[in-house]
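I've put the structures underneath this note.
Each of the next two complexes has subunit A plus one more chain, namely subunit B in the first and subunit C in the second.
Our next item is the complex of A and B:
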């Protein structure tokens, strides 16, 4: 009986570990470099302390046409952040994998107007994301399609 | 114990340090990427940079300063040039509540479809009706507009787009216990084709069926929304309905200056007999200055101050409620006529917006 109990605990632990690692593996499909449909920036999504964050790593137009200098987060409502370079800026924050190809509880920042929106991310396929930024209720939002980018293969 | 401390440090403290710090990165490696499978299609955005906040929900109160209203006798369709004032009265108060909701149904990068509803009440405090039927009718009940509308923005590619808007308005001096026929609902529509050459400019041309100045009209329309390079100045024009210049004081404060045409065709129930609809064709021009100010989060204040200039305040009797198109040119014949002195107006509202 004691042996049976020990075996059951080991099996339960193993099942828990396997399902958790499966979930982690699924959740990590978000990691990588992505391009929004407007093709103006690339975002690199990483996992930090179990949550997913995305920062700008490439800009189609990196120079501000008004100042002639690299673009900064000039629309940020926080005065102290207005001079922070856009390249490297974290636009996606605090996403948690919820299962079924969905990440939630995070926010997305729009540098064009300095607003931060609630956001939910859905994996349409391994290389396509549906990103919905919204205000309070998902109804008050907009969905964009992002595509995965990879390093060019050598020919 | 020492090992345990080290474990605790690596488990909890190191990730916190990592979140707070941004390690130096060679961004040049991202210059040489390609799609994992295929590119997404780029569609033109319905917005440009620096556009005024898009109001999802707006609640406002409109009020006008006193003015004189003169009305003619019922002319029985005489040329408008022949009208003369039969009765005049001071109107000491004109105003009421305005509520507007504009909710996205589908909002994706390849199509945006919004549905909305609006309600507008205008109460006239006519000081001395003196038994005149039209003044008495305006004094008896306020004018209401209850409308449903839909807007579809369809990008054709990364530059061109189509906009369709349809609206059904139920206008009149009805009360919630005494509605008139829904057959008198007024239908408006607009269609535009346009381009957005860059993310600070969009323009479009099109046509509309509208009651904006009271009577049914079919007119061409031009849209021109532009924001300067410094994102301070710009225009928001949907001519002839409205045209505004704008100045962003900062990201939380926007000043707009220009005009808007406002109006509609209203059934006056007390003067409608034998199945006919006695309709007030009301149209006004509102030159104004408008201040939009962020209150908190996505809630914004909007305040307008300007003049209300009468464009038309005439009356038609629609036989069996059947609408007709009068046209713009030649001798215009009308059933009855009013003249309104110009007044100042103010509007204060709160909106739940998207930027």
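Our next item is the complex of A and C:
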């Protein structure tokens, strides 16, 4: 009887570990380089301490035509951060995988107006994301479709 | 009349106790030295080095991080652990914790790096720090922009000078 109990505990632990690692693997599908529908930037999503973050890694127009220097986050509401380089800026922050191809609890920053919105990310397929930014209720928001940058294989 | 004096004394004593409880005291700490690591190989563009730490280890034994009442960063000095490693164009320094949002603490621009100045230009707004430091652990994140590839691990050191106050 005691052996049976021990075996049951080991099996339960193994099941829990397997389901947790499956969830981690599913969540990591978000990791990669993505292109928003406006095609102005590429964002690289990575994982830091269990949460997902996205930073700008490429800009179609990296130079500010006014200053002739690399673009900075000139619309940042904090005056002291207006010179932070836009290349590398973390637009997506703090996303947690919730299961069923959905990441939530995060925010998206719009460098064009310096505003931060609540955001939910939904995986439509392996290479397509629905990014919904909203204030307050999810109903009052806007969804953008992002595509994964896939390396073309040589024939 | 006697009753009036008694009530006034009780009130004065209460105000004094409340004032005493609310007073923050500064904490003397050494500059915190951390080493963030980006696991190689690294590619051209923006890469990320991170390290997890617990601010409790910096505090005196009698002070718990939950007692912190005011937090500011006085300065952050960055450095490259390997002098042979390529020098980035820019750095952005961020802090995060499991139950708070990641925030920008400051940055270093290309012009400063060219002048060998690795002092971080700090964010004016630092109110978010208290919540981050009181969380169970903290993560220091340093994003840096490389011009070329680097096939090894990349270490960026950070010396953080904290200004901390706590309530007894």
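By definition in this document, the second predicted complex is superposed on the first by the 150 of 155 C-alpha atoms of A that agree within 3 Å, B and C clash if a C-alpha of one lies under 4 Å from a C-alpha of the other, contacts with A are read in each partner's own complex, and residues count from 1 in each chain.
Operating definition for what follows: a contact is a pair of C-beta atoms (placed from the backbone, for glycine too) under 8 Å apart; a residue touches a chain by one contact, two chains touch by 3 or more.
Since the model is a prediction, treat every value here as computed from it, not as a measurement.
In the superposition on chain A, contact of A:139 is made with subunit B only, not with subunit C. Within the superposed three-chain model, A:83 lies in touch with subunit C and out of touch with subunit B [touch as defined at top]. When the two structures are aligned on the shared chain, A:107 is found in touch with subunit C, with no touch to subunit B.
In the superposed model, A:57 makes contact with both subunit B and subunit C. In the overlay built on the shared chain, the residue A:37 is in contact with subunit B alone; subunit C does not reach it.
In the overlay built on the shared chain, the residue A:49 is in contact with subunit B and with subunit C. Number of subunit A residues touched is higher for B, counting subunit B against subunit C. After overlaying the two complexes on the shared chain, residue contacts for A:147 are found with subunit B alone; subunit C is out of touch. Comparing the two interfaces of subunit A, the one with subunit B and the one with subunit C have residues 44, 48-49, 53, 55, 57-58, 87-88 in common. Residue ranges of subunit B in contact with subunit A, taken from their complex: 15-16, 18-19, 22, 25, 27, 29-43, 45, 49, 56, 103-104, 107-109, 112, 229-230, 251-252, 298, 352, 354-355. The residues of subunit C lying in touch with subunit A in their complex are 45-46, 48, 50, 52, 89-90, 92, 94, 96, 98, 101-102, 104, 106-107, 109-110, 121-125, 137, 139, 141, 143-145. Note for the complex: subunit A touches subunit C at residues 44, 46, 48-51, 53, 55-58, 70, 78-81, 83-85, 87-90, 93-94, 107.
Those residues of subunit A lying in contact with subunit B across their complex are 33, 35, 37-39, 42, 44, 48-49, 53, 55, 57-58, 65-66, 75, 77, 87-88, 110, 112-115, 126-128, 135-136, 139-153.
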